[in-house]
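For reference, the structure discussed in these notes is given below.
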Amino acid sequence: MKLLFMGDIVGRSGRDALVAELPVLRRELALDFVVINGENAAGGFGITGAICDDIFDAGADVITLGNHSWDQREALVHIEREPRLIRPANYPAGTPGRGATLVEAASGARVLVVNALGRVFMEALDCPFEAVEKQIAACPLGEGADAIIVDMHAEATSEKMAMGHFCDGRVSLVVGTHSHVPTADAQVLPGGTAYQTDAGMCGDYNSVIGMEKDEPLNRFTTRIPSGRFQPALGPATLCGVFVETDAGGLATRIEPVRIGGRLKQVLPEV
Amino acid sequence: MKLLFMGDIVGRSGRDALVAELPVLRRELALDFVVINGENAAGGFGITGAICDDIFDAGADVITLGNHSWDQREALVHIEREPRLIRPANYPAGTPGRGATLVEAASGARVLVVNALGRVFMEALDCPFEAVEKQIAACPLGEGADAIIVDMHAEATSEKMAMGHFCDGRVSLVVGTHSHVPTADAQVLPGGTAYQTDAGMCGDYNSVIGMEKDEPLNRFTTRIPSGRFQPALGPATLCGVFVETDAGGLATRIEPVRIGGRLKQVLPEV
Amino acid sequence: MKLLFMGDIVGRSGRDALVAELPVLRRELALDFVVINGENAAGGFGITGAICDDIFDAGADVITLGNHSWDQREALVHIEREPRLIRPANYPAGTPGRGATLVEAASGARVLVVNALGRVFMEALDCPFEAVEKQIAACPLGEGADAIIVDMHAEATSEKMAMGHFCDGRVSLVVGTHSHVPTADAQVLPGGTAYQTDAGMCGDYNSVIGMEKDEPLNRFTTRIPSGRFQPALGPATLCGVFVETDAGGLATRIEPVRIGGRLKQVLPEV
Amino acid sequence: MKLLFMGDIVGRSGRDALVAELPVLRRELALDFVVINGENAAGGFGITGAICDDIFDAGADVITLGNHSWDQREALVHIEREPRLIRPANYPAGTPGRGATLVEAASGARVLVVNALGRVFMEALDCPFEAVEKQIAACPLGEGADAIIVDMHAEATSEKMAMGHFCDGRVSLVVGTHSHVPTADAQVLPGGTAYQTDAGMCGDYNSVIGMEKDEPLNRFTTRIPSGRFQPALGPATLCGVFVETDAGGLATRIEPVRIGGRLKQVLPEV
């Protein structure tokens, strides 16, 4: 299978670029399945039902979230009726929505997508390792699922790399999100799991993690807020990873994807 | 000028690879100046005088540090007599050593290197922006210095990107360290400063940020330490950035460098 | 001298109780000087000019702030024209207002009040120890000032106790604020400085640190906000400390004060 | 019933005072049940089997722990064979020992003791509210237990107060530990649960949270460690709370206890 995972969409710049490019990518890379992190899609904070629809229409199969899941209150309702939108699995029992979803690709292949939230320098949630374990134990690769994708939304590189090794040999891809910067450490881990510490954002890289830089700079230097954070509106670089899996669902290849905007362009050769 | 900056050396694996490759790189890339972050060079924790000597002998001009500066107590003494070894500039007044150093390259060019420590999710130090401002104001690009390199040792991508823009047009390079994962966002910022969020480590990437993965995984899943962190001993990938500057000291080009080990290899074309 | 320091006023409940009781206290305890922390006076978040006036009218000589200093934007302006309102001294240079103030009591005695913000589990500011050192060095007890009061607004008990010992013998009183719970460790330290880890809040103790308990409980258990924090409106307990100093400005006595509301009542004997 | 809970014993000073005073207290206050937090009993860090024995011999019925539970490795083994020693209930499944214990008092009354660890500014564990809920649901007050004591070992006053209200009407006592400073907010909450935000430590209060003050002060001012933390050896103040319950196990009275050392002495009248 050919899988694409794109990192956190930030605001209008990221959305517009994604909607424009994803149909092309889907065709040219002959993609079987596309997952996109959408936690910053709505003005930099959260996601709405209408934006979900736009992203699905552009060719996404599943949307994942993160620490900004509920910034738009309507997501708490929308997630209950949209099985392709998931939030971190390690929220407490009773949280709206679900932390994993098993979706059938156009080819008929079953893809399990799991979303987890790191705890280092982040919120106090249940253990992400235990949460991911539970999901992949309930639907193992090669049995319940033909491919498994884990979006590890986390701050610390250590926690993300640990999740990679924790899942190695048991899932197709562990990819990090949240830092809004793509990492250059794509590799297939020893057990056959594709891994990259962060997918990077889909947003304007002439910014501070996708936001207009004036207010972040102001806060860092004066320690006093003087306005809101606003998404930067320059051209977005779409960032993510492309993965190919074998018949057993393990990875044979992982390649970075960077399209548009300021970053060095890269597309997998097909 | 042609500058090379390599990220955190982690343990023996990183040191051995660096000592073997740096002389070759220095020659083949016709480097004028080399800076290396050495905060994890001694068994993963700190640096010693002997290790400094090895790194300088291999071709480094300046060594920077970070939150692990003093893990080896002898560094507190050694730094006083080694002007080419610097620690973060935003330690309090009275801290041994210095946070910036002006070094003359073989070509006669004067290069100012500044080290700063981020505060988001890190230690309580003085303001890194104020500390960097003070250093570059005292020795401006094109006046006191022919090139200026800022090592922003920090956890949060936001704080690193903010430092990039803060210095943009006033220094040759702002590069992050500490995350131990190279980022893929190398760019020349609008004002002419080369920038990459993290240089990545010089260490074994089949690991958790350079450390043998068993103990980190144990701690993440059980929350109870059962041993020490040990540097992973597999072959290192040397990670860093290559920068070319113009006559005014601003950047015309920044390219990633990744040599050896598991990560995708990349070297600037010359 | 007879000094009174009262902890964080939280919302209307705290304000009303303070305005009603302070004139009585001032008279009955024959107070020479009164300092009040007002960082939560305006609906739980920050302070306004009008509220400052009410607190001064009730008998306060100086109002201190903390991490909520700027929650009401007008405080940034008001603080510039109100020398009796101070904010933490370890904000960066250029911050509106000042971190210390020397005020003449009705008796003619000069009282220096210093406000500092802790860094453990709090914001990234400059060093509070260095900031306090600077203020008390510039206006030493027995020379520039007849009494010195330090409000150490901090989360960690360790940082507050350290500030007590740091100032011991050099100031009249170090008292903590911010935790919104009075501590029972009032003592005169070996060098003659009165100390209590936290003054406690002036607010309703049938609450979560002064706030209506439903929303805090909801957030702790579900990890999802479902509304705003609102000050609890039950009767406030006014909490603080009473200190007597000798001719040299050192403390001879420190006693807790708790008036009204749910907590056990205590008033110094006179 | 008459219950006594004493806060974190810190080092030799705290142990010696406790062993000397507890038998007297037990007799004079006619105590039915005694719980002591012992997480810092062994040189300030953790606990050993021998120290547990000393504390039990002096008259404790149950010992609780906290974030320092495993500082002495032998505790991981000892806790398995000592049912009266408990660690926080919200450690992951599989952690040695247990998070709650039901013990029969000499009178035949059954007392459930639950230990939980806060997550604000602390370790990433499972939800303490959920963990406590599970324990008190399994052994409800008035049914499985004649009294229930919850030791909420936490940093933030907000999280401790929230736990008080969360348990109100369902347990006899919620008392905080960890801050090493007694609070002066003892009260019976509206539903009948006795509450105090922190019991305070049993240790030397001429210190920084029980430790010799030089090294903490050094670290706060220089940001560089220059030695180990050592328990202060001056006379300890034993700090805790005394609670009386009615036939249904709810509280009718809570009083602070402070014996010896520098703090103001207080003992409940009997």
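The first chain written gets the first letter, and so on, giving A, B, C and D; residue counts start at 1 in each chain.
Everything that follows uses one rule, which is that contacts are C-beta pairs under 8 Å (C-beta built on N, C-alpha and C of every residue); 3 or more make two chains touch, one makes a residue touch a chain.
All figures in this text were calculated on a predicted structure; none of them were measured in a lab.
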- Item | Comparison of A-D and A-B (more C-beta pairs in contact) | A-B
- Message: Are the interface residues of chain B and chain D largely the same numbers on each copy, more than half shared, or largely different?
- Response: same
- Where the centres are mean C-alpha positions, what is the separation of chain A from chain D, in Å? 43
- Just how far, in Å, is the C-alpha centre of chain B from the one of chain A? 29
- Message: Show the residues in chain A shared as contacts by 2 or more other chains, in ascending order.
- Response: 92, 124, 127, 130, 221
- Item | Residues of chain D that touch chain A when the two form their complex | 92, 119-120, 124, 126-127, 130
- Query: Taking the complex as given, what residues does chain D use to touch chain B?
  - Reply: 70, 76, 91-92, 94-95, 123-125, 221-225
- List of chain B residues in touch with chain A within their complex: 121, 127, 129-130, 155-159, 161-162, 165-166, 179-187, 189-190, 197-198, 200, 205-209, 213, 216-217, 220-221, 239, 256, 258, 262-264
